[in-house]
Every structure is written in structure tokens, then in C-alpha cells.
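Okay, got some structures for you below.
Two complexes are shown next, each including chain A; its partner changes from chain B in the first to chain C in the second.
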Partner chain A sequence: MNVHLQEDLSKHTLRADDGIAKGADLLKVENISLSFGGVKAITDISFDIKKGEIRAIIGPNGAGKTSMLNVINGFYFPQQGTITFRGEKRRRARASETARDGIARTFQNIALFKGMSTLDNIMTGRITLQKRSLLWHALWKGPAEREEIEHREAVERIIDFLEIEHIRKTPVGRLPYGLQKRVELGRALAADPALLLLDEPMAGMNLEEKADMSRFILDVNQQYGTTIALIEHDMGVVMDLSDRVVVLDYGKKIGDGTPDEVRNNPDVIDAYLGVPH
Partner chain B sequence: MFYRTAGQFKTSYSADQALFPVRQDAVLLIVILAFAWIIFPLTASEFTFQTLLIPILIYSLAALGLNILTGYAGQLSLGTGAFMGVGAYACYKMVTLMPWMNPIVAILLSGVFSAGIGVVFGIPSLRIKGFYLAIATLAAQFFLVWLFEKWAWLYNYNASGAIQVPNLDMFGVYVAGPQATSFTQYYVVLAIVSLLTWVCINLTRGRPGRTWKATRDMDIAAELIGIDLMRSKLTAFAVSSYIVGVAGALFVFMWRGAAEPNLFDIPLSFRILFIAIIGGLGSVLGNYLGAILIVGLPVVLGIVPEALGLEITSATVEHLNVMIVGGLIIFFLIIEPHGLAQLWRLIREKLIIWPFPH
Partner chain C sequence: MPSTVQAGARALDTFPQYLLWNAERFSTRTAMRHKDHSIWKSWNWAELAAEIRAFSLGLRAIGLQSGDKVAIVGHNRPRLYWTFAAVQALGGVPVPVYADSVAEEMVYVLNHAGVRFAVCQDQEQVDKVLSMADELKDLHKIVYDEGRGLHDYNHNNLHSIDAIERAGREIFAREGDAAWKAGIAAGKGGDLAVMLYTSGTTGKPKGVMLSFDNLVISARNGNAFDNLSESDSVLSYLPLAWVGDHVFSYAQAYVGGYCVCCPESPETVDSDRREIAPSYFFAPPRVFENLLTAVMVRMEDAGPTKKRMFDYFMAHARRVGEPILNGETVGFFDRLKYRLGEFLVYGPLKNRMGFLRMRVGYTAGEAIGPEIFRFYRSLGLNLKQLYGQTEASVYISAQPDGEIRADTVGRPSPDVEIRIEENGEVLYRSPGVFVGYYKNEEATRETKTSDNWVHTGDAGFFDHEGHLRIIDRAKDVGKLNDGSLFAPKYIENKLKFFPNIKEAVAFGDGRDVCTVFLNIDLTAVGNWAERNNISYASYQELAQHPRVYAMMEEHVAQVNRDLASEDTMAGSQIARFLVLHKELDADDGELTRTQKVRRSFIAERYAPLIEALYDGSTEKYVETEVTFEDGRKGKIVATVEIREMERKPAAPAQKEAAE
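Presenting the complex of A and B:
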């Protein structure tokens, strides 16, 4: 498995190799506020994500975690504040462009393409890397076929890595929930992201599935060097996996630091025990 | 037995991506091609050419065009008939303005006009979806047919308001117009339909097909993985309308011989939509199966009872046809949304494991 990944690293220039040193700021979120009509989902939040780390975002239901990811990947444009990704300030742009810049994600509610197989779903992750025009694809033979095979090879390495060879050709709608989550991770990985956003990748999984998923997340981080932002409710998982944790509550940041610091932070303890404000 | 795949292993991804990973499929295709290219044209009567072979091919192509848009990219259109009309009128204007033009080139170019107009009418799809988009395409349908009637330049100011296909020849052989034989026209249609089918297979199995299907299955997720939805939808409109336009040019130039504006009205749009639905949305093969059924059924209904000595009036045949087609559409929409193509897939899977189902 690791052999495959190393091959991958040597064969492709990963977007993770973007000249930003490990430990330097990959993403900076500054004074972000986002509201929907009257509902304030996020209020004046700032934090950073360093290259190479696993950064957890935690908080009770409705704290604004998913909204934060939606801001980071350009799905929502915040009313206030700035996002700086790889040293460049984000302008207002279509969400599809953020993906092209190297931010990939998975979704809290699985968002796979139901009518397609596992293989095709993961192949869609590479759409932004496929450059041949429609006309070449109409001909198939030649450049388009070469491009398809090249990307298929990359996708097969991901399929091996996630241990889903047996469901390669299965329509994803027929897969059990846990496997669907894994395919979704595969689709995000296929984009060779510089920053991977995972929204509750283990929600609704049993212990064994959670252990597998944790292992994949750690391997991705260590072998590919991919920076990961992770939303997760299972505190055990968060404490084991993450390098640093941001804690949100009612749209505000109430804690930020290593898992140990956060665990002992009185505001965080209050939020989780439901002390009224 | 027939479909045993044991012993056929893939050793490369290109082999696995091949159109027919299972050898028997390739054999079946060769048999079908042999019938289409050799046996049918050599044995068919004028009646068979005109009531079955030529229209089945043309309707298949039109349904294939619609299927790219509706089945693959998920954008429902009720304007197929009008886009066929654009292709037909474009072809008519080209061959009458430039009589030296090679008729096959003219037919292939006429799709460019329908593609352009398809993209224009596809712009609303960037804002609206589903039912509302269907209504917008219906507006295109009404507008275009109205234009075919009112814009006399389109039909060269003929008093009848219709377009009449002139005699067109290629290397001394008539391929369109009253002088052309069904035999020649069949081959022209077959060649163009084969070519465009091959193009569609290529487009749908690679990146463009995945882009369209992602747009269809979940547009928000598609956008968040980097798909430009506007491009995805507009290319689907362009490719689809191109094919539909060429089908429209063939429809008039290789089969009907003449056309009035109302030929391209809503009943034609629905006929194509029914073929795509019964054949199977999101399939290439299905369009052929659907066209065989829709075109063949009334012919069979007209012949079989007579051969059995039953007396059925042609009005009854017509009613029977409508009832059966209606029933089939309800059946497929409710029970098997992927149509005849899916039924074939199931049969094929059964054959692969037959006679040992476990």
C-alpha cells in the first residue's frame, strides 16, 4: 500500500508540494462573520491551518462548523473577514474555482453521484486535472485515451489504498453507508488536494469502520503530506488524530490549541456540558 | 454459457476501458453491424426501407441527441422537434444557397446551427431546473415553429410554405430528392448515424460524460469538486442540439422529402422523448431499442392481425398503438426508469452466470 503511495508521490507533482514549508500557514481565516438573513452562523472567527497538520474543528450541534467549511471552500462568501490560502487573499469567485485551487472536501450528508459507479465517482475527483478538450474526447483515440488511462492509474492507487477494489464497478447507491463515506473520501483524494476538508467523516459508523477511517486519514496526512481540516463529534477520535483543535460554540470561537489545552479549557467544558449563556 | 466470461482477464486499464470488455459483446456487435451494413440493405424491400430501416435509424439518432441532454446531463427538454427543424431548415438553406455543396457536408454542418440555437435556449438552465426548464424549452419549441412559419426566407418564399428537397447528387449518384433511391439513402443515414453514435460513446465514457452525469446527479457537489456547471450544461446543450439538428436534416432530406413547419411541432418532440424514456435515459444502446419499438410497433400491428386473418381497421390499429405505447411509458417510468437498455443489461447479467446462477 505504501509502495503505491510513494510511487504516486514520485510520479505526480502533487499540489501538496507547492513550495509552502511544512508548518507554515497554508490557510488563514481572519475575522470571518457569516449570517443567513437574521441568523448569525459565524461571528468574528479567526484561526489558521498550518501546512501538514490535521486541524480539528469541533463544537456542539449548530455551532457553525459546516458553515465554516462552506466559507473556506468558497461555497459561501462571508459578509466580513478575509480568507488567505497559500498567501493569496480569496476574492469572490465561483465555488468551482476554489476546488481548482486545490481545496477538496467531503460532506456531512453524503454527496456522491448516485447514478455512477465507485470508479466513476472517484474519477470525477480528477475532472479538474483533465485538460483535453471535448473534441479530443469525441475522437477518443490518442490524447484523450492516454489522459483517461493516466488518471485511471492514479484513481486505482486510491482504490487500492482505501481497500475498495471489490466495489470498483458497483453503483454507489447500492453501497452501505460506511463504504459510501469511504468512496467520498476517495473522490476528494483524487483531486490531489493541498487542503482536504472532512465534514464528519465518521458520523454514523460502527467502531470498526471508525478505526479504518481514522487509519486512512492518518495515512493520507503522513504519506501524502496532505493538510486536513476535520470536523468530528467523537472526542476520542479528535484527540487521537488532530494536531490542533478549534472549538466553536454558537458561531463564536471559544477555544484553540492542542487537544490537551482544549480539553482543559473551562469555556469548552462549559459548552459541552451545556452551561447556559 | 453464451456469455461465459471465465478465462477473460484484463491485464491493462485500457483493456478494461475498452468498449466491450466481454468478448461476446464484441461478437454480438459484429453480427448487428453485418446485418445493418450488408444483409438488410441487400434484402430489404422499398416498404422495409421506408417504414422501418431508415426511420428507425433517424429516430434513434434524434433520441440519442436528446439523451445526451436529458439522460446524461439531467436537463429535461421538450423542444427536440423544433431543434430538428432548425437542422432541417439550415440544411435546406445551405443546399439551395450553395448548390455546389456536398450534401453530406451540408447535413453535418446543419447541426452547427441547431447547436448554436440550442446553447442560446440552454442559457435558462443556468438558473432554473426540472419542470421550469422543461417549460422554458417548450417556449423554444413554440417560438421556433412559429419562426418556421413566419420567416418566409427560410422556405425560399414557396407559396406552399413548405420546404421541398431538391435532387442532390454526390459523385454522380443522387443521395437526396425525388431521384434518390432508398438503398443509397439508407447507406448515407447509416454512415452518419454510425459516426455520431461512435462520437457519443466516446464522449459519454470519458471526462465529458462524467462531468454531465455529475451535474445530473448532484449539481452542488459537482460544483464543489470543481466542475463549472455553466460549461457542463451548455456543452450538453451544444452536443445534444448538434446531434438532434443532424437528425432533423436527415429526417427531411433522407426520408420525408418535404416538410411543413408543423412537422416539427410538439408531437415530434414527445415522440423522441418517448423513445428515449422507453429505451432508457442515460444509455446509448437504449435509443436504438426504443426507436425499434416505437417505429416498429405500428408496422407490426398493421401486419400481424392481417396475417392471422383478423380484420382490424386502421383506426383500431392506431388506437392500439397509442394504448400500448402509453402503457409502456407508464410501465417504464414506474417500474424500470432505465428502460429497455436496463432490461437488456439484466438479461445479459443472467446470461453471464447461466446456467450456474451461483
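Presenting the complex of A and C:
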């Protein structure tokens, strides 16, 4: 006797489909320039992030990578240039608004609430998705309670996904660094992001933690179809993880393409090896 | 169904038969719980039977036949437990495998057993099986529980349990389950129920074949001995491949109808146990040691009032706790004070450890420290000792309620006969005695005599109360050059009873004196270092710290004093010792997967250090290769210090009453 088994292989998606096809432009930055007083942090940079890809931004120290992330998530507003997210040109927006629009991020030096538990920290990631007003949540009955349960379910799925059940109730400040990084990723995921920005997700990690984190990043991308832009210094990790890489140096774009193209780009080699000009 | 159907006292032959009966008699009682996404989910016996039926019918549809061997690879997940009954219902034989064994270890077992199916927990285990798929000629299908990460895999011969159960439910809706039930009813007690591979302290693992009769009768006896019934519950957290877990979390649960609770993950066992508070609990001494260490470490950090309260009531418990538990006469005021202590200290402590509802607890596998044993008993916990083996379906001897000693393993279990050979080896005969080793006639003949007596390989004797005492592995008991007895484990256990010492390895057979390797306990010593402002960067540095050495010296001196007072063991007082620069680890092959020391392997690996222990040098430079979890290798180098110990002359010979 032989039967055909129907495997349920549909991918889970976090955010309701936003109508943008995989591989189409999710975010486009055009001719962006940013300066602080006389210091030019970013000069005339353009690149795009396509839906469903892992996009790396690399460059030596001070190249403007973090500034670029801050521009994308609305923390800085560039003097020149335009940002188009999901087909809409962005006007001057605050970071909280871009968060609501579906851009979530983690930070280079962990920015968690140290006294709060892992669970509570990740729950804060859901705040932008809260539908009921503060008053309802203060009463915590009826609709607010139901909403809370929904959010908690979403958070528990993330805890399961990141394999951090054992630290669910542990205050984050007591956790080792590698786990804190994982909690921070959890909080960013909790916002159901269309675009996830990761600022040096593997800084300060040992080899095993890096391997774990790489696996989680790939799983997020594959399982949930989340588009990811990441800054990372570990070239091995960058080349293995990302679909396309953009290279910055002194605030300018010096390379853009697949890992192989970038690896063989003479300008990039110069910037990294420090060839005298 | 057997013809001797009597309400209430039916004796069935196989576990699938018990499953169907439980679905009738305990239909609404909880059979299984599992913590998932932070919530305990449960199945009653009727639901459990329906799930297993769907799974079993689905397995049949993808080709599982009577006699097929099915590997089960993973941690304690409900669906892996269901696999046992689902496979047995079709006449197949489950072969649980240690989930943390690396691919090379696993390939031997899977090949030897000739498994046709492998049921894996998740991607990690599926990857392991796939990585050796070329060598597994009999392997037909791989089945997995959690699909995460497996999305893009080729699903030709890889199926999720979800899909299999779905197919099974369709088959049930279409054809019913009459044929399936008839197959179960045809199962006989003499049929092969399960194959458990012993972890292999020596040589390659051996597949112990246990029949339904072995397991069902042992389980029935075990339940009767401790009055276990459908109202009890256990937390299943020990490896599925280990006979203890198979009997406590499967055999006894099916026969007695009690509830088995699966933790959320191996890391959350402590908090899950606290939430479940199992009434029947089994753990190797290590678990009790770790729990006690954790409690003591936390008490050191507690405020002065709490600490004084703890010390005061613990002192009282040590005095009257055990007599109260044993039902002896204790004064009224002492009882009153004990009640108060229960309210203020013992109760909260037991709650913290997850023992609030524990009615019967067992420890086995290794000797437990008398102090540790007494600590738990004085809290009013009915902790007992047990002696068992895979080949015996666990039970050889156990302590009956009220006859508890820290240094014995109790009286022979129901239906078990025990006899002691001239060389001290313990032999037993019981209904639980295994059928044989799979594809290993020779080993079977060596272990089991023609009239069904089994050699345990352990040396022991009966004391004047009729309790069995185990001193060591029979083959490990040796002699020093002066002819005095050398039982390494006896010495190692004495050392390991100190919370600061995690592991000890003694040498001395065929030598002039006894020497030991020590392993510090990082939790206990690390905390001590913190409190004493000793800074260290690594395990290695802490282990070699002069003050740690001084502490170890004190412990060794104490053991020497103990040994000097026992005339048979006085000769093996420790002459020299060293503290190892690395933790003994199963990944390096130094411990078995059940965390037992592999003495001969260690002797070979650290031969230069042993030489140094006997050539009078005071330090020794060593390089040691270590294996990381992902299989890469590295090297640890260190200069290890060696200390000389003073030995007391043997106490004047006082002959104890001859046994």
C-alpha cells in the first residue's frame, strides 16, 4: 500500500502580504547626503533593497554605515535625496512612525531594558501594533485582554523560534552578551517588520554564538520571508549570509553587487587593505 | 483481547493493549502533558489513543511492517513517546537512541539495529541521520516532529508527523480501525517490545532486547511496590534511550495509567518540574547534588535573617526529620517545631525544587552522598535507592518504605532472586531478565547463564539487615602491591561527596599506593572564589589556583581519615593527588553519555600524568586534545601541580561482624 502524503510546506509570513512581489524594490534610497555641521557623513549615496533579500552594508570604521541605517529608520533626516519605502516617497518621518510602517532594528550596543525580563522586553516590540488605547490597557479587561493574549502568542512563537524558553522570566541584565543579542533580535521581530535592520548583530560574539546567530538570521529570512539589511564586520559572515552587498567608504558608495562581485572589486580591496593613494 | 477479562484486574500482554484499555477505563484522565509556547497542553487517555491510532495508521500507510526496527532520536517530546506505542501496535520494534550522541556514534547503533525508519525530533537530528544516510542501507523513511528549517529539504523520503497523522485520520475515516485493533489484540507477551542500546562503558554499545513480558511484569511489580496509580504524575526528562526513562515514563505509565509530563526544553526542566510538582520522581544522584548545590549557593547569598532561619530549622530537620518520616516516636514539641519549619522553610524549599507533591523518589545509577541523601530525607521527602540494569528491565533491588539507608540499595525487588558469587559478583534472576543482545550471541552467553541468571558485573554483599550493598564494578576491584583491597569507585565516591569535587578518578591496582585525579565543581568552587575575592579567567586557571589546591588537600585528608578507620580499606589511603586542568567530558570520550567515568580511557589519555603521580615529581607539563561540540578539535596546555599526602596508619584491626 502506498499513499501520497500531503506535506504542509507553506511558509509562514509575519506581516500580511503588502502587495510587493519578491524581488521588487522594497526600499530605495536615491542621492542621499547627510552632514552634521561641516562634517559630511554621507555623500550622494543611492542603492536599493529588494523584498526578501539579505542586504549587507559594509565598510571600514567611520564609513557611514550606522548613519545610513539611522537615515533609513528615520532617526536622521538627510539634507538631500529621497527615500522610497514600499513605493511611497518618505516625507520627514520620526523613528516611531517608520517603526509603525514596518521597519524594525537592533543596535550595535544592545539597547534592551536591563531590569525587565526577556518576555517583557520582547512584548515591548509589539507596542507599535497595539490597537487599543492606553486607557483600555490600563483597565485590561475585554478587548484589551484579548489583544494582550494575541500579542503574547506572537511573542511566544518568537521565543520558541529563537530557542530562549529557558530565559523567558530572567531579567535581561543577568544574561550573557550573546543571549542579550538574541533577545534584541526577538524584540525587533516582535514588531512584525517588513524590513529588519541589524546593526552588527555578531559584534563581540564567539564562534559558536556567531554560528547560532547566522542560523537565526537565515531562518528569519527563509521562514518568514523578512527582508533584512545588516551591518557586519565579519567578512566571512557577510559573504555567506547576504545576497547583495553595498560597500561604503568615507561616506561614499564604492561598490555594490553580489558577494563575489564585491570581493573582486579593486576599490573595495583598496579601502579594506589600505593601499596608499 | 485475552480471554481472561476481569474488570479492574486485567492482566494484558502489550502496551498497545494497555493503551486501548486505558482509553476505556481512564478515558477522561490526563495521560500526558507538554509545555508548549509557555502553556501546558494535555491529552487524556482517549485523546492519546486517537492520536497514536492516527500516527500508527499513517506509519502503516508509508510502509511500516511487522518486525521493522524504528529509531527514535530526540528529547522528551510527546510525539516521540507516541511513536513507541504506534510502532508496537504494528508489530514493529522501537529503538530509542541518545539524542546527544554524534553522528558516528549513532551510525553504529542504527546500522547494527538495521532500522528501516527513523523518527527524529527536529532539523538537528534529521541532519544527523541524513549525513550518514549512505551508510544506512536499511533506512527507508525519515519522519520528523518539528518542521522548522526543513522546508527546502527533499520530501521524497522525509515526512512530518503532522502529514502522517493526517493521512492516518483519513484512513480511519475511510476504513475504521478494526484491522488495526485486531493486530494489537494478536500481540503476545513474548514478542520483542523494544531494543535499548546500553551506553557502553566498555566497547561498542549492545542492543538489549526486552520483551513485552519483561517490561509489563516489571512495571506491574514496580507500581505495586510503590503504590503507584492513575492519580500519580512524573516529569519525563531523562534520555528516551535509557531503560529508566522507558520504564518510568512509558511502561509503568501505561500499566498504571498515570500522567507523563514533557518539559518545554531540556534547559527548562527545573522550572517545569516546579510547575508540575510530580508525585513520582526519578533522578541520578547528580541531579540531587546539583539541586542541593544550587540551594546552598543561594542561601550563602541570602539575607542574614533568612539564613539564620534556614540554618536553625535545617538543624532541627536533621535531628528529627528522618525519624518522623520513618514513623518512629518523636516528642510532641519536636513535632510541633518541625511543623513550623515545614511552614517556614521546608515547604517553600520543596516548592522551589519542585518536590512539593513528591510521594516517592528514587535515585540510582551511582552512589549518593550520605549528606545529600539525608538532606532530602530530613525535609520529609521519601527518597529511596534502587539498583537496576537495562538487562533486568530496571528492577533488581529497591528500598522498601521505612528501611532507608544511604549506603545500601535495598532488598531484592518483587519476583527477583539475587545471589553473590565467590568473587563478590552479584547475579540475579527475574521475569524482567532480557531476551538477549541483538545479533550478539556471544555476549548474551557471557552475561546470561543457561538457567537465566544474569551477571551484573558489580561486586557487592548483603549486610546483616538483608540489604544489598554495591561497592564497585567486579572487574575494577583490584589489589595494591601489598595485597590490600583496592576499590576505586569506593574512594572516588567518598571524594565526590564533597560539593567542591565534581569528579574523581582513582588509580592503584597493581601499584604500591593509591593516587587520584580530581575535577573541581565549577559552580561550587566558582562561587566560593567569588566570595573570597579570587579572580580567575578560566576553568583551568581556577583549577590550578593555590588556594583551590589547599581546599582539595583538606578534602583528601578527610577521606584519608575516613579510610584509615575502615580496616579493609585503610591500605588505599590516597598518597598523591592532582587537580585536572580540564573538565572531564563525554564529548572527549572521558565520560559515558550517562556521565560515568571511563577509567581505562582516562588512564590511557592521561598516561603521562599518571606516571608523574608515581615518579615523585611535583609538577607535570601536559598537552590535551579536546573536541568541541561541533566536532572541531583544539588543544589545552597546562602545567599541573602534584601534591603529596600524609597517610595515617591503619586503625587497630576491629573485625566487624562477618557477613
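Everything that follows uses one rule, which is that the second predicted complex is superposed on the first by the 260 of 277 C-alpha atoms of A that agree within 3 Å, B and C clash if a C-alpha of one lies under 4 Å from a C-alpha of the other, contacts with A are read in each partner's own complex, and residues count from 1 in each chain.
Keep in mind that, in the parts below, a residue touches a chain if its C-beta (ideal position, glycine included) is under 8 Å from a C-beta of that chain, and two chains touch if they have at least 3 such contacts.
Keep in mind that this is a model prediction, so the values were computed, not measured.
After overlaying the two complexes on the shared chain, residue contacts for A:123 are found with chain B alone; chain C is out of touch. Looking at the shared chain after the overlay, A:88 reaches neither chain B nor chain C. Within the superposed three-chain model, A:165 lies in touch with chain C and out of touch with chain B [touch as defined at top]. When both complexes are overlaid on chain A, the residue A:156 reaches chain B and chain C alike. Judged by the touch definition given at the top, the superposed model places A:211 against chain C, while chain B stays out of reach. With both complexes superposed, B is the one of chain B and chain C in contact with more chain A residues.
Shared contact residues of chain A, touching chain B in one structure and chain C in the other: 152-153, 156.
Residue ranges on chain C touching chain A, taken from their complex, read 36-39, 58, 60-63, 148-149, 151-152, 155, 159-160, 162-164, 166-167, 171, 264-265, 267-268, 271, 628-630. Touching chain A in their complex are the following residues of chain B: 13-14, 17, 199, 202-203, 205-208, 210-211, 213-214, 216-218, 220-229, 235, 239, 282. Per the touch definition, chain A reaches chain C in the complex via residues 1-3, 5-9, 11, 152-153, 156-157, 159-161, 163, 165-166, 168-169, 208, 211, 219, 222-223. Listing the residues of chain A that touch chain B in their complex gives 73, 75, 94-97, 99-100, 104-105, 107, 111-116, 120, 123-125, 127-128, 130, 132, 134, 137-140, 144-145, 147-149, 152-153, 156, 187-188, 191.
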